[in-house]
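Presented below is the structure to which this report refers.
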């Protein structure tokens, strides 16, 4: 009986993965179908490659340095206001790149329309990924490690540099990989700033030249880059097992800063957050007021606001549910096929929304024509938000899956066995053991998806049905026409609404999170024992 | 609590035959230990009995109910079997009381609370009922795991190396406690371990397991004094296997004459435990002390006999012999040895 | 959480999700049957008067879906006959031509349109009709550049403008159509020569025509290439804006004039109403509104340009040869890519 169940789970997981990753497979197929197509636009490739490379290197270095430095500061140093600076530094997550670009363009910052400008903008809005993961890693290091280093003659600074940092390396690199995937997928920022990355080249061949095949092939190249990044991220994370899980309070005591250092420690983060979040909000507020006064509001603004929230909320339910299904399937079946399938399903994250959208619209269009021929359903998918949800699923499953899988993986299988030994069937185990332990992961997944869908632009541009305009669309259309006042109010709303989940996420990793962390530490400790045990005796 | 019967149980993982044709009976209220080295298949045996593995052959009967057998397999949640895991597997998000009450979900509230309270008192943790597992010490966690397994009044309790994750200094005391708890609860228990001291001191009967087979099942003193095979003799305790010539109730070896438990004649091998030898200092002795291991209440000497063989001798630590000293070694009075192959 | 509560939660949650889902789908989808749905690539900010006037007059509801021409095109292709769209409006004639070539438009029979819209501003088969004309011409800084300093498109390649030339990015459909039209009329060699000379001047590539105008006003460059109505809008806001139009190639063929036009979508069920809309928008009075409000040039009738544009005088036009230019769009892109017009 166990055997039959195992197979069903693998099948479900693989089916889910196929559903999500399937359309993206159309890309290599088109590559095979018309191999010569790329030759016609070969001129685009070197330019796109170099621009994308510059972007990746720049954003990678920038987020690495900024995120790690800030994480070190708030973990190992104490200064007035540390408590709330710690979470304020996460706020830029709520600022979409294209909104910050709108702000910078409005300010007419010199030299911003360049690769350097794009690198700066993206670094400023993406560093929180590295910051969050680095901070979590530092917090999880127990004090004894650093004390051991000090005992071996290293100064405090050297101890952090030679022990603390390397230990946190997998987490930091994981954060950088996330930031890079976001940068790769970014469309609004680079387009507004005139930087010709791959995304831009794809946009050009596709939308301006109407050459779908060449566009697909460029997308294929982009997929390869993404895959490489994913593999690197996996390598960076997979090997490292850091089992020294410190309960709260067991972290190395921070160094108290004084005088100039303390002042700098307070002012620098404040300036950063002020520049990236507060200043744009203020400017957007001013423009918004002007737009209301001058009646320059985007048409159907209220409808757009409603749509944004509805789409984001619904996605925040659907996508994590799919992620749970995938993660659960991989865990329950314990087969390699299932876990590989789950990984494959997350590939959509590194692709630009426009690539995902076009990859999705083709099979959906075909399917809905079939349905229409049989049942007269009309534009069932592309004429409704169903197509859009599907694109969101393909695009953001990785986010939700990452959060869910991390918590699920921390639950050792012995807990399942223990529960079953006590009379719990599978549903009981889910209800009474898994869900309570996964609460934080689920909440994080839902919040992440909510924020991302609120911000999403390129896929929505293509797939939105009539009447389905969102706030992001309104911002885009206005910014394309340099109508900053009109773009302001929707931008403001996007950022404000996005701030709520970000704040919630921060709270989740706060005090309440400490209990959860301790619980998970216990689980991880058990996991550690599992590793020490030999082959089942 | 009732009988447990295993008949011809076998389980393989691919080419690895973890459990081979194991048969065992456990009486009601009995505590049986399965003793064997790592990799011998004892944990697989336990998991098969619990229902986490499906046997390839044989059957498992618990309380007159066939829980696993040809054409029949009950999932773990329907067998009335409690399990204590090596790492306790306590639910980190639940309090001690909630952990203990976990298996009582089907009962009504009054019964649940009563049972929980009683079981907590049984293990002496009623004052920590509202704590979470991560707030407890290792020994306390173990007791919670035990309480949790016992609360639903199972027909059988399985313990998987329950003491291996504890400090050595705590082990002896905790062993006592666990034994008392199990006896008080009148539990039928099966414990697997690689620690012979544990098996010998706790169990009513010991089953020695090697590479999937049960080699011997006996009371601890029998397993120690009358090992069934040479391997068992060597695994359970230290032993000197000496060759000699048997004449009826005695056997003549190069160290001297020992009594034989069962009469024999002709060339044989016997198992001589280190405590069955005695030494005294003697310049013209027949052996030299090669190494010495001081163990507190006794000393284990490694001696090189003049005939060339190395033997182990164990003596109380009242008198110590230095390394390199010459001694005279001979059978202790009334040392009864067993034949081994 | 207990088993029972989980099941209850799943059931209730399931109902909520399904209900919400259906609700969202219904709220955001579709149009009612008597709404006229317009897929428009014209920026619809300000919600142009002529459309509102039509809606009032005929008591029809209008529904606009904005987007770039290529996005709209992609949707029409995907939607096929089931499309809710009735009318397609683009801001670039070549896109219209392509839409017709790919069978997205249906021919319209209207004596009024045949009469009023000039033959070179409409499709011979009646698939699309011009709405407004848009000139793409040279602009100069009034503070630093004299009125006769540069008068031809080729003149932008003069070395004196090195580092002082601002151009919109090569992805802009206006630029692509411009180059395609050049290719059609001047041939590849000459066009390539001209573009290479432009690129040799190290132009600043900017994101929009407005950016080009701002750059000139700020002193970052001296000359550029924009659609005339953008300057018209700037001058309406700020009459002292220090940039002026120069009608290019007046001694040659004339200034490049593109076409914004519209057609009836093939899958439309409201062809009659759609035709009525087109007829309405091409009436002289509406044409005048387009000219005055948006600083464009009328396609039909002799509507006067707005004051801001009129001050630059009348000019010789070189209307885009829609069919030929349309066919050369790919070549144009390739050429622009080769010369490095990013």
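Going by the order they are written in, the chains are A, B and C; count residues from 1 in each one.
Note that in this section a contact is a pair of C-beta atoms (placed from the backbone, for glycine too) under 8 Å apart; a residue touches a chain by one contact, two chains touch by 3 or more.
Worth saying up front: this structure is predicted, and the values here are computed from it rather than measured.
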In contact with chain A and chain B alike are the chains none
In terms of mean CA position, the chain most removed from chain C is B
The distance between the C-alpha centres of chain A and chain B, rounded to whole Å, is 52
Chain centres from averaged Cα atoms put chain A and chain C apart, in whole Å, by 36
Per the C-alpha centroid definition, the whole-Å distance linking chain B and chain C comes out as 86
Two or more other chains are touched by the chain A residues 428, 432, 436
Residues of chain C that touch two or more other chains sit at 2-3
So chain B residues touching two or more other chains come to 105
In the complex, the residues of chain B that touch chain A are 18, 36-44, 47, 50-52, 54, 73, 75-78, 81-83, 85-93, 102-103, 105-106, 132-134, 148-149, 152, 165, 192, 194
Given the complex, residues on chain C that touch chain A span 1-3, 5-7, 17, 20-21, 23-25, 27-31, 37, 43-45, 47, 63-68, 70-71, 73-75, 78-80, 82-84, 98, 169, 171, 173, 176, 205-208, 210-211, 214, 218, 329-330, 333-334, 337-338, 342
So, in the complex, the side of chain A touching chain C is made of residues 40-41, 43-44, 47, 108, 113, 191-194, 196, 200, 203-204, 206-211, 296, 298-299, 306-307, 310-311, 313-314, 317-318, 358, 361-362, 365, 368-369, 372, 378-379, 382-386, 427-428, 430-432, 435-436, 461-462, 464-469, 477-478, 480-483, 486
In their shared complex, chain B is touched by residues of chain A numbered 1-2, 247, 412, 414-415, 417-425, 428, 432-433, 436-437, 518-523, 526, 529-530, 533-537
